[in-house]
Every structure is written in structure tokens, then in C-alpha cells.
Amino acid sequence: MELIGARLMVLEPGIVEISVPYRSDLTQQHGYLHAGIVTTIADSAAGYAAYSLMPAGAEVLSVEFKVNLLRPAQGKSFLAHAEVIKPGRTLTVARADVFGISDSDEQELIATMLATLICLRK
Amino acid sequence: MELIGARLMVLEPGIVEISVPYRSDLTQQHGYLHAGIVTTIADSAAGYAAYSLMPAGAEVLSVEFKVNLLRPAQGKSFLAHAEVIKPGRTLTVARADVFGISDSDEQELIATMLATLICLRK
Amino acid sequence: MELIGARLMVLEPGIVEISVPYRSDLTQQHGYLHAGIVTTIADSAAGYAAYSLMPAGAEVLSVEFKVNLLRPAQGKSFLAHAEVIKPGRTLTVARADVFGISDSDEQELIATMLATLICLRK
Amino acid sequence: MELIGARLMVLEPGIVEISVPYRSDLTQQHGYLHAGIVTTIADSAAGYAAYSLMPAGAEVLSVEFKVNLLRPAQGKSFLAHAEVIKPGRTLTVARADVFGISDSDEQELIATMLATLICLRK
């Protein structure tokens, strides 16, 4: 996450937001943020959101996720907003929406993720 | 893709392989390759595999993908093998498997992706 | 849909609700509604929600969907609530939540779907 | 599964096939098998395939699945072939392909599923 300049913006029980600024070396052939980077920040936000509801000492791992890429990933920065929709002792399901932030600070939904995470107890 | 050191290994009609060497700055908290990087090489391989069957001048975009993370993403390098399972005039469906390559060159399946891609004609 | 006794409850532009009563022949080994039936009503609601925003004479087809089964599918009836989250000329993305309705009319989220649909013009 | 006339055709460790004959009351508006029925047989096959590798007394539940609908679901009958691609103590990942069988007994791939299942120990 440091590699791509991501920052944790919000951290509440079950809700996490992560932001990443635009950088030309994170883009694909059309100049938009690469789908892998969009996925990385969505997955990280979903993971932290799930982790925020887990007991101390537990670890979180992504089991699987599905991402719909809805619009070109353009903006001066990008924000992933993740929420737990079903916490669980073993499995947690979270949703993450990724927004592109324009120069005039308007948000546009560019991708949405539905993810399953697992709680590993030591 | 340059940022993460990825290289195109195989390019046949409908089949693409992409390799990326291990690098410590691409890992998550446990020292394994970050799920976002695993997804990036799988998505890129799926995209090129779909693109290889599209008419000249067309462009390819990922519509959506689902990734199952099967084992810890460890290895000296990683290989994404993508195959088109249903080509189409508008939509193409591809599968991509990602393998970790051990020091003794053994392959272990670490993730699998099922992806939908769209052909954009100019 | 007639086979399983489903009924259209809400039909607004981009929003559709479908209800199905409990029936013992729609259940799996534990007496809960079969995942295939949960999927059927979610997919139908998502399809109608997408269709409600398409031009006259168009047809809608499901391209793909992902379903997370969150809780045992129990209740006297079941309600699928679908909303379009990204309409498009060719592709539409919709989300559908399925709720179990208890004897005291309380709703519990039992499944969530993220779906891609395509508009076919004649 | 009895409601739709499904039959278990193959049952090996990690591999299951389920067949369902064409029936007009299982079709959608175009006369093709409803996506929910396609999903039902794929999910059942994936579930049994996972279950076949679980210890005695355990139970299997579907956590989530993603289905790509590849071609119109037409045929005199339909066959779901499921294989476990990653067994696990808690989670199992399986793939299921659904084929339409023509009057001349040719198989055509009409859908593919990638599913996560959980083992419940009593």
C-alpha cells in the first residue's frame, strides 16, 4: 500500500476509507487507474473494515472478491469506502465502493466490490 | 505493469501468460504478494487473452472479475495463465490461474479468476 | 417464476421487488430455501430493475452474477429488492438484496447479489 | 432438486455431475432454461463435489458463487460438471460447468460457476 501512496482516511467499527492520489505510473493504456490498483485499495479497505470487528490477536485474509468496473477510473485522487454487511465469527462479508474525486471535489462511483474475508485465530 | 516488473511470457490466440518476480515492496503484512498484485497480473493476462481474439483496431476493457485467493502468494516469481473460455463479438469471458513458482521451479495454484471483458470498436 | 409462486411487488424505474412465499418443496437438506431459489428471485429482480431503464423493444439478459449467502434462508416469505447502481447503453450493473420475512414481519438480510446485465436491441 | 427433476450422474471424490431434463416450466421468457435453474444444478454439483471430500458427519454450505451465463440455455437436457479446485479444512473452492445437451448428444458449454463452500463440523 505504501508503494501506491495509499492513506487510511476513516476507521470506524465496520467502516473504513482509504485514499490514493492519482499517479501516472499507476495507469493502464488509456491513462485511467489500473483495475489492479482500484482492486488493491478496495480489497484493503474491505480487509480493514472486517478486521475492525474481529477480536484482538486475530488476523484477516481475503477469501475472494468480485469487482465491477463501472466507469473509467479518472480523478485527481481515488477513495475506497468499505462497509461490513455481515460480520461473522469465521467469515465476514463486506462491500467496497471506489470513487474518483474530480478537481472540483465531486465523487463519481467507478467500481464496486463484494468480498468475503476470513478471521484467523492464533 | 512496468511498475511491478511484469513480463509477457506467452501470447497465442486466446491464451496469455504473464510473469512477475517476487519483490518485497509488493507484499502485504505476512510477506505474501498482495492480493491486488495477484489480481493485477491475472486481470492483465485475461485482458490480453481476450484482446488477442478481437478484430484489429478494437480495444478491450475489463467489465468485472471475481478472484478466489486459494493459498498464500509465496514464491520467487508468479505466473498468470489466462484462457478465453467464451469469445464473443461484444463480451468475452476468460479464466486466469495464478501460480507461485518455488525455488525448485514447482508451480502451486494460488488464485483463480473468472472475468468478463468487453470489446470496444472505434 | 410461476413455478415457485413469485410475485412482483414493486416496479419503479431502476428498482424492483419480488416476493416468494415459503414452500417446503423449495428447500434444501436443512429446511432452508434452496440457494438456487434465492438466486432465482434475486436474478429476476435485478433483471427487471435493469429492464425498467431500457428503451422500448429492448430485451435484457443476465451476463453474470455473484451471490453471497449470508444467513440461513428461513422465513414465512422472501423478498428480493433490486436496484440499478450503474445503468448503461449496453451493460447495466445492479445489486439485489434478499430478505427473509419472519412471522412477526421482521426482515433479515439473507443474501446479496451483484449482477451484470446486457441490453439486446432488435 | 426433486422439484426440477435433477439426477446425480457421477459421484467421485471431488467430482460430481448432475443432470436435469428440459421442461417448459423451468424456462424464462425466451424458452431457455432459467438462470436460476442453471445456477441451482451448478451449485448442487459444486456442493456435492466439496462434500465428497469432507470428513464423515460434516455438513456443507455454499458461502458464495459467481456464475457467467455464456450461451442460451437450450437443449433436451442439461449437465452440470463440478470439480474441487482447492479442498480445505474449512473452505473449499469448486468450479462447475453447465452444458446443454442437443438432440444429437452434443455438449455445449452454457455457463460456468466459481464457488466457495464451507465445512460445518457438528
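Side notes on the structure shown:
The chains carry the letters A, B, C and D, assigned in the order they are written, with residues numbered from 1 in each.
The working rule: contacts are C-beta pairs under 8 Å (C-beta built on N, C-alpha and C of every residue); 3 or more make two chains touch, one makes a residue touch a chain.
From a predicted model like this one, the values you see are computed outputs, not experimental measurements.
Homomeric contact chain C/chain D: same residue numbering on both sides for over half of the interface positions. Relative to chain A, the most remote chain by averaged C-alpha coordinates is D.
Work out the mean CA point of chain B and of chain C, and you get 31 Å between them. Each chain gets a centre from the mean of its Cα atoms; for chain A and chain B, those two points are 20 Å apart. Residues of chain C in contact with two or more other chains: 63-64, 66, 68, 93, 116. Within the complex formed with chain A, the chain B residues making contact are 1-3, 25-26, 30, 34-37, 39-41, 43-44, 59, 61-69.
Of all residues in chain A, those touching chain D in their complex are 63-64, 66, 90-91, 93, 116, 118.
The part of chain D that touches chain B in the complex is made up of residues 66, 68, 70-71, 85-86, 93, 95, 109, 112, 114, 116.
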